[in-house]
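For reference, the structure discussed in these notes is given below.
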Amino acid sequence: MSAMLGQTILTANAPAPELIDEFVIANKILFHQNVVDAFGHISVRHDKDRNKYLMARHLPPQLVTVADIVTFDLDSNPLTHQEMAYYSERFIHGEIYKVRPDVVSVVHCHARPLIPFGTAKGARLRPIYHMTGFLAVGVPVFEIRDAGGMTDMLIRTPALGKALASCLCDKAVVLMRGHGATMVGASIRQAVFRAVYSAENATLQMQAHQLGQDGEVEFLTAEEGAKVEQWGRSIDRAWALWKDQVSS
Amino acid sequence: MSAMLGQTILTANAPAPELIDEFVIANKILFHQNVVDAFGHISVRHDKDRNKYLMARHLPPQLVTVADIVTFDLDSNPLTHQEMAYYSERFIHGEIYKVRPDVVSVVHCHARPLIPFGTAKGARLRPIYHMTGFLAVGVPVFEIRDAGGMTDMLIRTPALGKALASCLCDKAVVLMRGHGATMVGASIRQAVFRAVYSAENATLQMQAHQLGQDGEVEFLTAEEGAKVEQWGRSIDRAWALWKDQVSS
Amino acid sequence: MSAMLGQTILTANAPAPELIDEFVIANKILFHQNVVDAFGHISVRHDKDRNKYLMARHLPPQLVTVADIVTFDLDSNPLTHQEMAYYSERFIHGEIYKVRPDVVSVVHCHARPLIPFGTAKGARLRPIYHMTGFLAVGVPVFEIRDAGGMTDMLIRTPALGKALASCLCDKAVVLMRGHGATMVGASIRQAVFRAVYSAENATLQMQAHQLGQDGEVEFLTAEEGAKVEQWGRSIDRAWALWKDQVSS
Amino acid sequence: MSAMLGQTILTANAPAPELIDEFVIANKILFHQNVVDAFGHISVRHDKDRNKYLMARHLPPQLVTVADIVTFDLDSNPLTHQEMAYYSERFIHGEIYKVRPDVVSVVHCHARPLIPFGTAKGARLRPIYHMTGFLAVGVPVFEIRDAGGMTDMLIRTPALGKALASCLCDKAVVLMRGHGATMVGASIRQAVFRAVYSAENATLQMQAHQLGQDGEVEFLTAEEGAKVEQWGRSIDRAWALWKDQVSS
């Protein structure tokens, strides 16, 4: 395995094997939970060096193995696994890590229920229940035309990555018009949890608007959302199930 | 196994092994039928002591085994499995058992289709077909703000549990705004049946409102609902299938 | 197996084993295709005696085996498998066979997408595509209140069965308000095909009404529907797939 | 296997085995991705002779094996596998290959989310995100009544095939009112990719219209769509996942 992981494992600064294992499982969970299909990716900040992050090479998350985890610097240059294909949108990750010291993990996805919220006129993703208190601080929508004009929609450059990170600001989730969404967390588990439940929230919110008189829905208040966010145990409980589901 | 079950098995008042087996299967059925995900829980009143109930320790229902079933008193203090993590919302169960002598089992869940009915303005869950006659007596919506002001939405205290039980009153199901739902039954099987078909009803009702002129739908009358509730065999027939599905 | 099938196998009039095998597979297909859950049933006219029909005893379709197939007369009295539990709604089947000599198989189900069409004000199930030409002759909705006043919604008596058969008239499908649907065919395969695609049509039609300006949708005309019904090969092609899916 | 494949394998012009393998996998992927059910079909232009194409005999795609691949001329006459049943709508494929030299593969399907877009008044399938830039050039709707009057909806003749090809024109996808859709690509993988993501787009677009104020949605512009179409790697990344899913 040391050969597979490339040079990093030979140094004292190699990421902990437990981190790598958790990260591979996260890739599979994102697929199993319908957050990603063949596209989308997750990264985690390097546990030994805050100025690096880990992410798979150019692969569908479901197919990622320990051997596929590349180390990048925060400019998103690969430090291992040279001369392979990488995700073209890795700048999403690197640029967010630069400006958000609190962030340890980033998920980028095209989860189905989130797409309408990024494209429908006037739509706003808001916390419909206690699983998504992290949405109560607001969910900005990134319009790539503001930063790049007419593009192929992808965050292919450091400049576009910086613009997205700026739009995300201090929030947990940013929607991307005509593209998908990006969510961040203080751990792999929190980023995955936020990805899964952002999509759940979107599904439920769409239905609630259709059901309510004049589309009206009672959302969590900012205070309720903040209190919800003080929980601790939920994320590990969900992780226990999701890990079991992708392991069996 | 006696060791795993803790002290209760050593006494004449230990729950019947058949009850425990049925209860573990109920946990798995709730997951398989999409009533619960990593969250939600089911309890059953102790078969040898009406002032106790059984519920899993803090675990996703799908992962519950015989060894994880804790005995609680009706104040929701654990009598076995000391010093472990328990569901923080166990007061939902204890407080309902106190005021509803007819109730033998309680399910608390965040089943997806029920969430919009607890949050959309003016929405009312009503019996759309003969599988859900138990909804005909009405489905109240619990607003936690009335009982607790701004909270983290969870029923973490006896006082909130009492308020929820009071809102449930003599009904079969109570929706919880921004949170989920709680349903009760005269047996494990009935509580599970009501949970599954409450959610089915919600899905169908949402579609019917979208389809009907001005959203109008012909529901079961109170009399039809009451007659439907006199059936006996349906619940065991559903259980036979659901048990088979989680056993194979 | 002779013992299991009871007395019929001992006579020259026993149903052909191939018919029984096909019938058991039909039960499993209906579950796999989400036409039935624990509830719903299929019957087939006896191949040696037009005045009898075959149907499982009181079981979820998915659990039906060769040993569970009961012979009934057209008054829905069991001629084999005495003193067991039977579907309480077997009169749906017997009464239709009496008045529809063209019918060889009957499916009764609560397929989800059909429920809103039986309960939403003004809704009409109509053929949205070429898989459902059999809907072009019209789909009546049975209101049990007209025949039985306030009931438990079930077709528990010959009189209610006759009323349903009368409402079905010469059509392929009848919706039942607050309950489900019944469809007929000239073979097991045709009845199953009509059940599966009635439900598909309902799903697609609901979406089309939501998408169209003022809810308008272009359906098949009566003539298109009639021409579609002249195909032959479709049903066997679908059966080949469905049988493979439940066999592997 | 040579016997099974018939005469083509004996000549220098036999299709490459790798092409046949890829083609069989494509059939299974279309089923696994819910593009086809028992119905629908894919073809590929013969790699050794541009005036021929390959397609399965009359079978559900999921059941297709190497032995079932028939060679047709562009008039859709079978050149191998004589006296078997073929898809009655093979003229869709032959007639498109005649007028679209750029096309290497054709998919015809009844993918659920596409049906409402072909039947709802005023509906227009438009690119909601960067996975479907190929829709930006427009998606025509084929009305078979214009070409054939009252029919059984099927493209059973060369004349109807020509009319459909003419409606498709230089586009990637054509919807067929009351029937389904046909999509083309420069490779098997591109045709499959377009089929999968056309259906995804339809699902998301329906939701976005329901969510947006007055149903308004921000689609990709023509320029964005064109830029998106310049990517290369996406299709192979999706194929890697989809192939893995049907192989395991």
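All chains are identified by letter, namely A, B, C and D, in their written order; residue positions are counted from 1 within each chain.
Just so it is clear, contacts are C-beta pairs under 8 Å (C-beta built on N, C-alpha and C of every residue); 3 or more make two chains touch, one makes a residue touch a chain.
The shown structure was predicted, so the numbers you read here are calculated from the model rather than taken from an experiment.
State the smallest step count from subunit A to subunit C, taking one step as a move to a touching chain.
2
How would the subunit A/subunit D interface be labelled, same or different, where same requires over half of its residue numbers to be shared?
different
Taking each chain's centre as the mean position of its Cα atoms, how many Å separate subunit B from subunit D?
Here the centre of subunit D sits 47 Å away from the centre of subunit B.
What whole-Å value do you get for the distance between subunit C and subunit D if each is reduced to the mean of its CA atoms?
Between these chains, centre-to-centre, one finds 33 Å.
Going by the contact rule already set, what residues in subunit C reach two or more other chains?
In subunit C, 209-210 touch at least two other chains.
Graph shape for the chains shown, where an edge means the two chains touch. Line, ring, star, complete, or other?
Graph shape here is a ring: one loop, exactly two partners per chain.
Output every touching chain pair, sorted by label.
A-B, A-D, B-C, C-D
Applying the document's contact rule, which stretches of subunit A touch subunit D when the two form their complex?
Per the stated touch rule, the residues are 37-39, 58-60, 62-63, 85, 88, 110, 112-113, 115-117, 119-123, 150-154, 177-180, 206, 209-210.
Touching subunit A in the complex: which residues of subunit D?
127-131, 133, 200, 203-204, 207-214, 216-221, 223-224, 227-228, 230-231, 233-234, 237-238, 240-242, 244
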